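Okay, got some structures for you below.
In the two assemblies presented below, subunit A is common to both, partnered first by subunit B and then by subunit C.
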Partner chain A sequence: MTVRELLRTVGAMCVSILAASFVVFASLYAAPGDAESVLFGSTTPTDEVRAAVRDQYRLDDPFLVRYVHWLGSVAHGDFGTSFVGGQSVATRLGATAPTTLALVGLAGLLLVVIGIALGVPMGLRPGRVDTVLTTVVAVVAGIPTFVSATLLIAVFAVGLGWFPAYGADGLRGLVLPALSLALVSSAMLARITRASVRAESGREYVTTARARGLPSRVVVARHILPNAAGPVITAGGLLVAALFAGAIVVENAFGIAGLGSLLVSSVNRQDFPTVQAISLLLVVVFVLTNTLVDLAARGLDPRQRRRAA
Partner chain B sequence: MPTPRRTPLRPALALVAVLALGLSACSGSDGSDSSGHEATFDTDTTTTPAATGPVDSFTWYGDYRSPATLDPIKVADYPELTVIPNLCESLLDTGPGYEPRPGLASAWEQVDPRTVRFTLRADVTFSDGSPMTREDVLFSLRRNLDPALASSYSILYQGVAAIEPYGTDQVEVTFTEPNAVFLKGMNTLGGAVISKAFAEAHPDDLGTPGTGVLCTGPYVLDSWDGVGPLTLERSPQYWNSEREPLAEQVRFEFPAEAKALANAIRTGAVDGGFNIPAEVIPSLRETGSGELWLGAEGSTPQNLDIIVSDLKKGPLADAAVRRALSGAVDREALVRTAFAGAADPLYAVAGPGLWGYAQERYRAAYDEIEKAATGAATDGRAAVEQAGVSGTGLTLAYPGGIEMYRTTATVVQQAAKELGLEMEIVALPLAQYYSLFSDASVRADYDAFLTMNYTQVQEPAFMYGFIGNKDGSQNYGGYDNPEVDRLLREAFGEPDDDARAELVIAAQAILSEELPWIPLVAPRAAVYLDEAVTGVPLTFAYMGTAWAASVGAP
Partner chain C sequence: MTLALALPAGRSRPRRARGVLGPVGWTALVLVAAMVLLAALAPWLAPYPVDQQDLLHPYAGPSPAHWLGTDATGRDILSRLLWGARTSLGGPALVVALSLAVGLPTGLLAAWRGGLVDAALARVLDVVFAVPGILIAVLAVAVFEPGLTPAVLALAVAYLPYVARTTRAAARAQRDLPYVEALELQGMGGLRICVRHILPNILGVVLAQVPVAFALALVDLASLSFLGLAVQAPAADWGVLISDTSALLQGHPEQAVYAGLAIVTTVVALTFLGDRLTEGRPVARARKEKR
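Our next item is the complex of A and B:
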């Protein structure tokens, strides 16, 4: 890959984030409800106080001025002050983000491991193995996250008592939430892996390699899998990035204080600064993951590698 | 808080309907537990059995979200009212049956209709060992007058002229108008005392996770990140030797969803909680350990009502139509379907849960209203026809995603149908629902909306003042009756309990005829305790006392 390509990719990423930040800000600007009623509740502030607060939150500035100011502050790591209780939004993000990152990280790992571990044999062994696994995958793919969360809690927490049903104390507490978060996506990844491996297995160069007497193990490891990896990495990356959205459901089901549960409660309480910050953060993470996956996939593609070299 | 509190989120958790689950234990409303052992109805006492010994720690359901702040006056919602009273004490303390008790003030007196005085204890210290002075008390009470702080208790402080020292150890509060109800709110966090020096050192971050508060209570903050669980530990030097906390540590969990709470209870992750959602009750049956306690009628001050958006517009502008609708609602069915039996039909907005005094008088008046209301159910259709609104369409808004409200709206819709009214029920997103209370233009789109209210002060004059006075803070429909206004204002300033009750009852009679709000049901307290702990109120009194100090081994 050339430097120019890299620059172009990074540039596109920045443009995406900027555009998304505008959409996030604008949609909350247009949302029903008004900041003053949130801040003062049923109390009636004096004109002086009202003016001071409107000034503090820049409620009287034109839309674009507010947007630019917000963007500038965010660039400096200042996400403003929560409407609720006056906590700094950055602190609230700091308190929740590590939990959500750990949850999504673990779920991502499970997603990739389960997806590939199921998808590869499905792709390589048409017949009974494929049929059985395809059925299993089809069933799993149809289970919504909140249902899998309920099932996993019922079996492994309430029934067997292996894992806690509630809260996120340590790695053990994250296992069930991560698993229920990863299940649906891992089924999707398994299908994609299967299709990709199957497609590569049928190519002429594979037939040729086999005809030349290369052991099956070598054919699979050296030829089929590397060439089948591209679509799997791209899809896997997108699925991992999408886990952040699923985290909202899982965190609430398991009573985990993470970005997702904070987002839900902040939306309900019309805490606009927090909602804006989390939305933007999710967008950034999504775009960032996409870009990285894109770069990785291109790096792995032999044709692209050769062109760069 | 003293102001009526709209609580769409809470009932989302507390009072979600248990449809078709046949919650037999809750079918009785008179305390007879006919078939199940999972629920204990306790109609005689206001507490669970007292604790007999200490425990190292216990974990409590701190309600549906982590507190927004630990500043006692900033936010008055269930999580704050569950946690903060253990940190910060008020001038008055609250007994389990809401009876006022000495707190940081050893005595209090309504000197005349415009003056109350508190005698401060001399032996109180903050949790850092520094003594509580009169300056701290003056400072803390005056914060409620500061518009910049937007105290949740500012309505309680309306009409306060001055808060000044008196004599050597007293504080005097004077009012511009006669005020007999201020005193009754001093056991809420509106009467809480914080350290002046600490508050002045932290003007911008008081109550936030990094800073916390400095108060006099039996517990201090141990750990809290502002969004997740919160842990309290025993204050190293609590001043009140008569109230030694039984637990070294109290941990609060804040599951947002009823299901998460159910799992936490079933797996022993929490030991107990107030306000257990009706939705959770069936699963408590399966735990085998632990017990659900349901309070008596009037064990909470909560009331579920229909608010009429505009009393001059639409079919509900006619009081006869409102009466007909009220009469047609099957409140018994509501109690069964929306509240799993853990509620009582309500015929006046300020029902048994708000009678802090003169109970017999209020009861007699209430019974009459109930009799009149249930007798009127038969000729509703005729009243609607006479009003000329038969077949008219109208809309009822309610907070979406909350089963209890959906069920209630459906029952009300059914009642309207029986009267010949075409009622459309509309679920609003919570943010939009909230704006019904602050924005008349949003209200204009709906004829009526559902709400759950409560006041923390056991004073019907308060509740009726909010909804019945022309300038009442919750008078959304524009109710304007000079006679009601006069009666309630007079009651507000009447120090004699019986005389005040008579004035309130006279206003209540008119309000129950004209129905600017239509009362539906009053939920009961639902408290869960596992086998490890006991010793909590079976009422909402926990919001006005350091309840955790009494929790210990059974």
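Our next item is the complex of A and C:
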């Protein structure tokens, strides 16, 4: 990959993020609900208070000025002031983001471990076990997070009482949410791993390696797995990023105070600065992961490297 | 002597392979069709009105009067499932129909024009594609207000790239085939070639994506209803039925289990159907390998 290629990809990514930030800001700017009615509710403020608040939230500035100002402050880590409670949005993000990161981290770990641990044996050994597992995995891939979350709560929290049903209390409270978050994606990763391993096992170099008398362990570890890794890494990266979207649902299902539940409660309260901040953060995460995965795939695959040059 | 070439009246369509579905595919198709039929006939099939309460019999178990029992306010769960199927299946159907209606022309335009138009459209679609549908829908709900309409519209935008990309790839492959060149040489307009000749040739490939897109939209829309952002609580959407946490905490997960089962059955059937339809289709395979 040339430096120029890298610069172009990073440039395109920045343009995408900038475009997305504009859409996020503009759509909420155009929202029918008036910021004032959200801020004051049913109370009627005095003129001074009203002017001060309008000044604080820059409600009198033209649209583009507000956008540029918002973008500038965001670049400095200032996401504005929440409409609810007058707290700074950055403080609220700081209070919730670690929980979401812990949840996604734990789920990501589960996703990768389960997905690969299931997918590799399925891919290596065709037969009855593979057929059964393929069907099971296909069914699990069809269980949406909010369904698995509800079932996990019903069985392990309400029924058996092993875990708290609502509200995360340390790592123990994150076990069920992470499991429910990882379930669908791990099934998808298992399918992709299986397909990739299966495709590589049928290649001629594998036959050659076996013909040379290499032990099966070496053939698998040194030849098949490294070559099968490409699609697994690509899909794994995208699936881990998608966990942030799944976290919106899971956090609400389990009543965890993370970015996702903050996003939904802010939407319901029309707290636009908070919605803008979280949406922007999530979009950046998604676009960034897409770009990184793209670069990684190109870096890993010599054929793509040559084609790109 | 003049050379007269009549514009071909028929369509340039390859022969469709028969028996693509197989037993699994047919079972899946029958299941999906049954679900759709149940939803369509809900007003006649449902034994009770969707919101008829019976406060004397909350959380009743299965009985001849209530096959699947009742919920916290004595509403018949079976009736609510049947009525709920209407928004749970109708919503995603609308999402897919809308994204097809916009995505097909967009993809055709990108493939036909190529160049700058193609590049610009690809860039926009890439950005939309990078953002999960559920986030776009949450944003739309924040802008308007919680409800089925903004959620459906937002998801239609989110699924646009799926349709447009598949259409573009398939149409791009047709663009350079001799028959298109021949039609152009005969003076046929671009629009007519696209609609009369290219579209029928690629429609199968594009429509093969519908079951999976439908399943994804179903899950997204039900998730939004679960969050209270799409279909609202007294209504009986499957996502809403699962979101009844008070029943769950009181040890009555039945309603959630039935609704969950309905969702999982439909989604799995759609996935299997989609797999059977896309298997062995060259364009779909090429697209999968590329990703």
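A few points about this structure:
Everything that follows uses one rule, which is that the second predicted complex is superposed on the first by the 276 of 309 C-alpha atoms of A that agree within 3 Å, B and C clash if a C-alpha of one lies under 4 Å from a C-alpha of the other, contacts with A are read in each partner's own complex, and residues count from 1 in each chain.
Note that contacts are C-beta pairs under 8 Å (C-beta built on N, C-alpha and C of every residue); 3 or more make two chains touch, one makes a residue touch a chain.
None of these values were measured; they are calculated from a predicted model.
Aligning the shared subunit A places subunit B and subunit C in steric conflict.
Residue contacts after overlaying the shared chain place A:87 against subunit B, while subunit C stays out of touching range.
When the two structures are aligned on the shared chain, A:30 is found in touch with subunit C, with no touch to subunit B. When the two complexes are overlaid on their common chain A, residue A:206 makes contact with neither subunit B nor subunit C. Once the two complexes are laid over each other on the shared chain, residue contacts for A:16 go to subunit C alone; subunit B is not touched.
Contacts of A:150 after superposition on the shared chain: both subunit B and subunit C are touched. When the two structures are aligned on the shared chain, A:263 is found in touch with subunit C, with no touch to subunit B.
Contact with subunit B, but none with subunit C, is seen for A:96 once the two complexes are overlaid on the shared chain. In the superposition on chain A, no contact is made by A:292 with either subunit B or subunit C.
Legend: residue contacts after superposition of the two complexes on their common chain; A:164 is shown touching subunit B, with no touch to subunit C. In the superposition on chain A, the residues of subunit A contacting both subunit B and subunit C are 31-32, 150, 153, 158, 165, 252-253, 264, 267-268, 270.
Only residues 123, 126-127, 130-132, 134-135, 138-144, 146, 215, 219, 222-223, 226-229, 239, 242-243, 248-249, 251, 253, 256-257, 260, 263-264, 267-268, 271-272, 291 of subunit C touch subunit A when the two sit together in their complex. By the touch criterion given at the top, residues 31-34, 37-46, 48-49, 52, 82, 84-88, 91-92, 95-96, 99, 150, 153, 157-158, 161, 164-167, 252-255, 257, 261-262, 264-265, 267-268, 270 of subunit A touch subunit B in their complex. Partner subunit C is touched in their complex by these residues of subunit A: 12, 15-16, 19-20, 24, 27-28, 30-32, 138-139, 141-147, 150-151, 153-154, 158-159, 165, 234, 242, 245, 248-249, 252-253, 263-264, 266-268, 270, 272, 275, 279, 282-283, 286-287, 290.
Within the complex, the subunit B residues that touch subunit A are 3, 9, 65-69, 71, 74-75, 147-148, 150-152, 154-155, 204-205, 207-210, 225-229, 253-257, 259-261, 263-264, 266-267, 269-270, 430-432, 434-435, 437-439, 442, 473-474.
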